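Sharing a structure with you now.
Each chain carries a letter (A, B, C, D, E and F) given by its place in the written order, and its residues are counted from 1.
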Amino acid sequence: MKTAGNTRIGKSAMLLLLTERSEEDWNRHFNELNWSYCTGRIGSMDSQKIVAAIETAAKRSDIVREDLYREMHALYHAIMEALTGVTRGHTQLGEILRTVGLSFSVVRGTPYAQEEEGEWIAVALYGTIGAPVKGLEHETIGLGINHI
Amino acid sequence: MKTAGNTRIGKSAMLLLLTERSEEDWNRHFNELNWSYCTGRIGSMDSQKIVAAIETAAKRSDIVREDLYREMHALYHAIMEALTGVTRGHTQLGEILRTVGLSFSVVRGTPYAQEEEGEWIAVALYGTIGAPVKGLEHETIGLGINHI
Amino acid sequence: MKTAGNTRIGKSAMLLLLTERSEEDWNRHFNELNWSYCTGRIGSMDSQKIVAAIETAAKRSDIVREDLYREMHALYHAIMEALTGVTRGHTQLGEILRTVGLSFSVVRGTPYAQEEEGEWIAVALYGTIGAPVKGLEHETIGLGINHI
Amino acid sequence: MKTAGNTRIGKSAMLLLLTERSEEDWNRHFNELNWSYCTGRIGSMDSQKIVAAIETAAKRSDIVREDLYREMHALYHAIMEALTGVTRGHTQLGEILRTVGLSFSVVRGTPYAQEEEGEWIAVALYGTIGAPVKGLEHETIGLGINHI
Amino acid sequence: MKTAGNTRIGKSAMLLLLTERSEEDWNRHFNELNWSYCTGRIGSMDSQKIVAAIETAAKRSDIVREDLYREMHALYHAIMEALTGVTRGHTQLGEILRTVGLSFSVVRGTPYAQEEEGEWIAVALYGTIGAPVKGLEHETIGLGINHI
Amino acid sequence: MKTAGNTRIGKSAMLLLLTERSEEDWNRHFNELNWSYCTGRIGSMDSQKIVAAIETAAKRSDIVREDLYREMHALYHAIMEALTGVTRGHTQLGEILRTVGLSFSVVRGTPYAQEEEGEWIAVALYGTIGAPVKGLEHETIGLGINHI
């Protein structure tokens, strides 16, 4: 828990979605670092609902303060960057007849050794994208990182 | 090694870059599935070199046949989709004064239960993106998937 | 009917929309090549309906198998590429107050001399784009090509 | 009123939104140049309404002739370019859970010394963009210019 | 030569590239309409050269006046729109390790019945896009239309 | 100097470029607010040089600390957003045969009433964009805003 890899905020956010590590284990991991995180799931043809689900989860988990625009702004741009990876070109879903089923994570922490670098936020997305027909879909991934 | 997760081609490609599992272990994993894969590293301000490095690695590892456009076309579009996740907006690096240091993986396999779905290819990218100054960078991830 | 031009799948798909050649003539042309094709028309402010109309036509004409994701995936990306040519920037219609009236064609065939190159699919779009007011519009064209 | 700056059509359009100069003053300014202009306000999560509000204002102020596609086409592309500056990436608002409150101006005039360069149109946008929550927003600007 | 189709400027520009009609025949066609046109070829990994080749051909053929920005501006945006269809996402060629071999046409004429609609310009592109390796390429098409 | 408008960081950054107010006057304005700012000029066909010129000016004027990635990251994304407004679609200049002559400003300050909102940064761009031929150009504007 002291290796460089452990303080990779993007890697941590992605591994939260890709490995079967227990919640207890993750809690211990992030507690040691004094970082906060949350995870959730959202399936929709509507990009707006994806954004809302992630923002709501981050606010309810006290990862960001919803009354502080500075923090909401940092989170929003991290979500947009992650969504760009998921959609690979146009941040559109139903408008171009496709849908996603995603798990997401948000991690807030201090990934740089230098203390002044302060806090950063990572949003990771992993799931499937495809036609609105069961099975006609492939995997998709996105990661957004921002200073907060 | 028989769980659904094992046949997730995108997840496999990404975990190749994010976990410390031994090469031996990965070889056993992909041999059991009868899939092929390769990994590599490339750092550059020049997108062209990123594309070339991945194409070259995939050709040398016999993951794609370089004389068959069909396969090179499938790989190319998977690389482009992965690069979109990494660049989040414009597939430009040095042109907008940024550089990347990436590890990459290419996996070719049969991720769907139905045999007729045939082979697919996944390209995963993980590393850092930022200013051409050591340390002024954050993590970045991309995944592209295509039928082949 | 033996010239190189005849096996240009993109050119064929576009000429289906731009010339007045009879259906009989086209049938003979594609039968000789052992290729399949369909054409249709769709007008909408809703990109989703454009995608759906083309997918439905291709499925009903047995150009793609709707239960095979591999084929639907190839078609989908070909449609998206054609739509990019039509929209030239953002794959949005009504969202930015414009509408299209399009004729479309889908052609599936073997455009390469080497047999292993296998089958490819072309989606061509031709029509008008403009304000939702009769006459306030100009022509637009798109072509997408993919291996299938 | 004879300096080069006065015939900068884009600068004029933007200053209409950024300074507190009186309407009388602006009227005198544009009358001397024999240019026409209008201003307005629109707040929405729906890009379509932004486009419609600007088009309607320009038509009602006789800046463009609504029965002449040539003029509506020039205006439309100027609006789209201004909207790209406002949205910085994807011309989407509510679809990605954000909203704008904008003031806009449209100016039609002859910004080039050479008479044959004829008339040009500028669309300027200034206001705020952000979450659909009061205060969670920052400023945004866009400018589009086209020959007409 | 009096049908509606003949005054479709975009269709004409595209058919100049897709059919084997003789130059004499095209000259007669465009003379009857009192329109001007030119065609050419350009192969490059460098988008800049594509733009330059089309601009130069249009200037040399007196389709646009090179000393009149109004006309060069109309042509430039038509080229950009055509290039978007050819590149389908990012107007990059060599930067992402791909190259094009294109034939192009530029047509200037009066496609609308109403005289006040004046002159318009169409730029059509047709050729191949792919890896910088002979044969690893597929067809590509683009069309841009603008008032002039 | 106590009106709301004075604390509009984006408007201030843009007015620095659009009005003829004296440097002394601006210094007094920003000193009262306890904000910092700089301005400069850059003309180039190379986006990289635009980014570098703005970053260098901001570092030399002590608006950002060049050894703190957090600050350079905030500045970089603000520059990218401003550049999107200037280029309206693709952040490319010479690659698509166009060039810019820009004046730029960077302002760092506290635009929100609530103290916890902290510091923000605005990058404004104003100038001309066009063909690499004197006079074949029109105005262009961009604004990017970020928390820092």
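The rule is short, and it goes like this: a residue touches a chain if its C-beta (ideal position, glycine included) is under 8 Å from a C-beta of that chain, and two chains touch if they have at least 3 such contacts.
On a predicted model such as this, the values are computed, not experimentally measured, just so you know.
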{"item": "Co-neighbours of chain D and chain C - touch as defined", "value": "A, E"}
{"item": "Chain labels contacting chain B and also chain C", "value": "A, E"}
{"item": "Shortest chain-hopping distance from chain C out to chain F", "value": "2"}
{"item": "Between C-E and A-C, the pair with more C-beta contacts", "value": "C-E"}
{"item": "Copies chain E and chain F touch via same or different residues, half shared test", "value": "different"}
{"item": "Angle of the C-alpha superposing rotation, chain A to chain E, to the nearest 5 degrees", "value": "180"}
{"item": "Between chain F and chain A, distance of the C-alpha-averaged centres to the nearest whole Å", "value": "30"}
{"item": "Distance from chain B to chain A - Cα centre to Cα centre, in angstrom", "value": "21"}
{"item": "Whole-Å gap between the CA centroids of chain B and chain D", "value": "44"}
{"item": "Separation of mean Cα positions, chain E and chain B [Å, integer]", "value": "37"}
{"item": "Junction residues of chain F - those touching two or more other chains", "value": "69, 73, 89-90, 92, 95, 112, 135, 138"}
{"item": "All touching chain pairs, where touch follows the definition stated at the start", "value": "A-B, A-C, A-D, A-F, B-C, B-E, B-F, C-D, C-E, D-E, D-F, E-F"}
{"item": "Sites on chain A touched by chain D in the complex", "value": "46-48, 51-52, 55, 69, 72-73, 76, 80, 83, 90-92, 95"}
{"item": "Residues on chain A engaged by chain F in the complex (per definition of touch)", "value": "68-70, 73-74, 77, 112, 114, 116-118, 146-147"}
{"item": "Touch list for chain B against partner chain F, complex", "value": "89-90, 92, 94-98, 130-131, 135-138"}
{"item": "Chain E residues within the chain C interface of the complex", "value": "5, 8-11, 14-15, 18-20, 81, 84-86, 88-89, 111-112, 120, 122, 124, 126, 135, 138-145"}
